[in-house]
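Below, subunit A partners subunit B and then partners subunit C, in two separate complexes.
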Partner chain A sequence: MAAVKVCEAEKVYIMHGVRDDLRLDGRGCEDYRHMEIETDVVSNTDGSAKISLGHTDVLVGIKAEIGKPRPMVPDEGYLEFFVDCSANATPEFEGRGGEELGVELSNTLYKVFNNRHSLDLRSLCICPGENCWVLYVDVLLLQCDGNLFDAISIAIKAALFNTRIPKVHISEDEEGGKEIELSDDPFDCMRLNVENVPCIVTLCKIGHRHVVDATLQEKACSVASLLIAVTHTGMVTCVRKMGGGSLDPESIFEMTEAGKRVGKSLHAPLMDLLQKEESLGKKRQKVGFLG
Partner chain B sequence: MAVEMRLPAVHKHVSLKTGQSSREDKHLVVPGDVITSDTGFMRGHGTYMDEDRLTASVAGQVERVNKLICVKPLKTRYNGEVGDVVVGRITEVQQKRWKVETNSRLDSVLLLSAVNLPGGELRRRSTQDELAMRDYLQEGDLISAEVQSIFSDGALSLHTRSLKYGKLGQGVLVYVSPSLVKRQKTHFHNLPCGASLILGNNGYVWLSPTPALQEEQAGGFYTSMEPVSLSDREVVSRLRNCLLALANQKVLLFDTSVLYCYEASLQHQIKDILKPEIMEEIVLETRQRLMEHEG
Partner chain C sequence: MPVDTKRIRGPEESQSPLLFLSPDKAPKAPSSRQGVRGNGDVRPVFARCGLVSQAKGSAYIEAGNTKIICSVYGPKETERRDETDMKTGRLVCDFRLAPFSCVKRGAWIQGSEERDLSATLMESLRPGVCLHRYPRSQIDVNVMVLENDGSVLAHAVTCASMALADAGIEMYDIVLGCTLRQSGNACLVDPSYAEECGSWQEGYGDNQGCVTLALLPNLNQVSGLNADGEMREDTLTEAMRTCMDGCHKLYPVVQQALTRAVKKKAPPPEK
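Then we have the complex of A and B:
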């Protein structure tokens, strides 16, 4: 993780600020920095989204490919995650530097998203036991300024919303062999139901309180954080504790409650924004990377 | 709690009418632009010869001294000059010296002989002092200092031999581009809104609540860990966001511009200052006031 150095006096200043519910940038403990989200930014993917949260910049691309379903669940498709930590984000990621973080991120994302509660994996099935859609979710970290998990999860939800999978027709010949035909019409496609896709909320324990959307400086002051994946109904799908420090059972309870509350309220504005963007259609001026 | 999501705004260029003419006076170039095809000029920093044509290798402003042509880049690391005030972070404690990160290409050096020892004693530095170096300044600590000299490789040698320099206590460090800090007679300001500001020439700006007892704080190695009052905190946070807004809109930073921006921001909540449209509005107001001020 891109670490910043913070001296003792700065730490004290940040910690007292959190206690007073006034962080360095004027936010309260449960406020997010403002986010900018754009979908359909990469033309050669089936769905893509870019999010910037403060100075954190994440690009997500989703490619659908036909693969073989897992033997345990023959009637479901699945998701594959890969997180690429670009050396643009921080020089520490150069070479193999970002690998460890990338693997950690993709494992967590796999746990959070690849289950039938968050996404209707059955809809990805083409022919039970033989063919299914595999969604390759590629995450590219362009800039790191703290709170990667939340930004990535929101970007994934937006990209899944944007994903269009071509419809397939299965035809059988005389010998019983099956043939899969892809529809040629680019508008003849399947959309995913993203209603239940969770968003991740990371809560960092600083002093006796916890904050959401911690910047790198704030993260340096916290010894333990709790990652909570919450759906739009407030259902918690995944909880993970990160960092070397320990957490009181009581504070874990408090943090889960706060995470649930915050996570629940993330979904409505996100869906509004995605609907709004889609309703703009071709009129929307694309901003992309140079805007 | 608040969540604010939006579509990215298409960047539009805001410029004041009078600003445009002054831009034409400045000779601005991007890499690859031919500055002159006259062979009578000498090639300076930021330029190269491309088939007898003097061409820019960096984006910036052309500067000419007699026959020498340089391009001063707009985005750069910090190029130190003797007498500059800098804010830096200690990265290493070595024998008789500290290494300081100051946003320049090489880490700067702060020699043990170039600091005031606690208590303001003037004496030879003994081995005892050398052993106790980490007690004065340790890795991660922030200092304000002045550039004493520049080594042949471009690394800076700093000194803190004045009561105004030394270790920094509680406050916020803001990173801006070094080209945005205006060179002035003084870079230490006690703003009337109740905060102190150190505008380091290296683009590191230090904001802290103005201490009640000036003499006790300055230059010493003692830092107060007492909680800062909420009202002071609000001022510092507001100033921090104002500085970032000014830097985002490429306004030169000096005491007046910061203060005008602070006053313009007062009608908004602190956390809203960093929203693009509010940032633009505040900075536009600041620009207008600055122009009125200039006459």
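Then we have the complex of A and C:
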């Protein structure tokens, strides 16, 4: 992982600050950095979103393709996640360097979405047992300044909100075989219900307190962090402890509660913002990558 | 046309015959545990150390039908050199499921799930090992699951820490693992494979999930936590406490297996 080297004096400085609820950039322990989200940035995708959380930049593109459903669940579609750590972010990611981190991120995403309620997979079914929509969620890391999981999960939620899946019509032809027809109108599409899509909150343990949205320097001072994925109702879909240190059970309970609180409060403003952006319609000024 | 003589061409895509089983004949997952085991009981465990003669340390664990073997090699010279290696050692974990271990045949090439389990295993073991005592060295931990009958990661953690202790690697404490399957309001500790995967597809019920926890019992520190599914926060907290109890129940068995192995290697002097 792109890491920053921090000397002992800096570590002590950061720890003392966190103890007094004051971080390097003046935030409190449970505050996020300035976040900017824009959807529909890539025209070739069915849904896309770009998020910048401080200096972390993530771009998510979703493409919907027609595929065969999984044998065990013939009446559901599925999602495939792939995270690419681009060499743009840091030279360590060049070639296969970013593969380990990318695999870890994709595996966590699979676990976060591995439940019945996050996304209604039945709405992705076209013909049970034969055809279904497969959503390929491709995440691209453009800049890395800590807190990748949170940024990626918020970007995925925004991109899923933005996704427009074309409506298909199954017709029988003469021999009895099924034919798939795409509707002629490019604006005739199906939208996804992203109410229950969880958001990931990463809490890093620094000293005796925990911080949300840690930068790379703060990450270097913490021994362990807890990743918790929370839906808007407060249900927890995935918890993982990361890092090479151990955590006290009491602090895990504390961090889970704080994570749930912070995660729950992320959803409402995010949905408001996405609805507002959508309602601007044609009048929306596209900011793009250099805004 | 050149003919490929080296490979035996099997069917392009083969499927397990169990998929074609009609749904009413499919074995139903038992809603309550038959037999002696209660909902909060861990399966009786058979643990032995020192079976792989070539390895520095090794351990074998059997819990119900889950069979796991682990061998530890090292400390040895590390292959890659980083600045961090100058001060502390490196722990390299490899978690493999044998292709015949699960109901569905797996591949010999390590899939992404196995890599994820290896990373989780490493994270769970790391706090227990005194790596600062082995600078510029690497310790290899190889876990092989021979038969997967549920709660494989938890037992792999226990097996790996027993193997590390058998190898004489300095540790702060032994690391024990325990899994819990939450289904609605009932929770099953140390689930078998059918209990772990059952009702996942069928149940639209709330509060379905699986929690795996790795604990250092004497220091009371949690070194690994993995929760899946969708649960309420208070259910999750309860599940974690139950897992910690499960780990404490496992401790005497592991202690006994280790003392037995030590006595075999270095028998006490004759009186």
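The rule is simple: the second predicted complex is superposed on the first by the 287 of 291 C-alpha atoms of A that agree within 3 Å, B and C clash if a C-alpha of one lies under 4 Å from a C-alpha of the other, contacts with A are read in each partner's own complex, and residues count from 1 in each chain.
Simple rule for what comes next: contacts are C-beta pairs under 8 Å (C-beta built on N, C-alpha and C of every residue); 3 or more make two chains touch, one makes a residue touch a chain.
Keep in mind that this is a model prediction, so the values were computed, not measured.
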Query raised in the report: Since both structures carry subunit A, what do subunit B and subunit C do when superposed there: clash or fit?
Result: fit
Query raised in the report: If you stack the two complexes on chain A, which partner ends up touching A:72: first (subunit B), second (subunit C), both, or neither?
Result: second
Query raised in the report: After lining up the shared chain so the two structures overlap, which partner does A:180 touch, if you call subunit B first and subunit C second: first, second, both or neither?
Result: neither
Query raised in the report: In the superposed arrangement, which partner chain does A:10 touch: subunit B (first), subunit C (second), both, or neither?
Result: first
Report task. Considering only touches as defined above, state whether A:273 meets subunit B (first), subunit C (second), both or neither. Result -> first
Requested in this report: Considering only touches as defined above, state whether A:285 meets subunit B (first), subunit C (second), both or neither.
Outcome: first
Query raised in the report: So, does A:32 touch the first partner subunit B, the second partner subunit C, both, or neither?
Result: first
Requested in this report: Considering only touches as defined above, state whether A:52 meets subunit B (first), subunit C (second), both or neither.
Outcome: first
Query raised in the report: With the two structures laid over each other on chain A, which partner does A:248 touch: subunit B (first), subunit C (second), both, or neither?
Result: second
Query - Smallest separation of CA atoms, subunit C relative to subunit B, angstrom - result: 9
Query raised in the report: Considering each complex separately, which residues of subunit A are in contact with subunit B in the first and with subunit C in the second?
Result: none
Report task. Under the touch definition given earlier, write down the residues of subunit A that touch subunit B in their complex. Result -> 5-10, 12-13, 16-17, 19-20, 22-28, 30-38, 52, 212, 261-262, 265-266, 269-270, 273, 276-277, 284-285, 287, 291
Report summary line: Touching subunit A in the complex, subunit C uses residues 15, 19, 112-113, 115-116, 119-120, 123, 126-128, 201, 204, 206, 208-209, 211, 216, 219-233, 236-237, 240-241, 244
Requested in this report: Could you please specify the touching residues of subunit B with respect to subunit A in the complex?
Outcome: 1-11, 89, 91, 139-142, 168-173, 223, 225, 227-228, 230, 233-234, 237-238, 240-241, 269-271, 273-275
Query raised in the report: Mind pulling up the subunit A residues that touch subunit C in the complex?
Result: 71-73, 103-104, 106-107, 111, 114-118, 226, 231, 234-249, 252-253, 256-257, 260
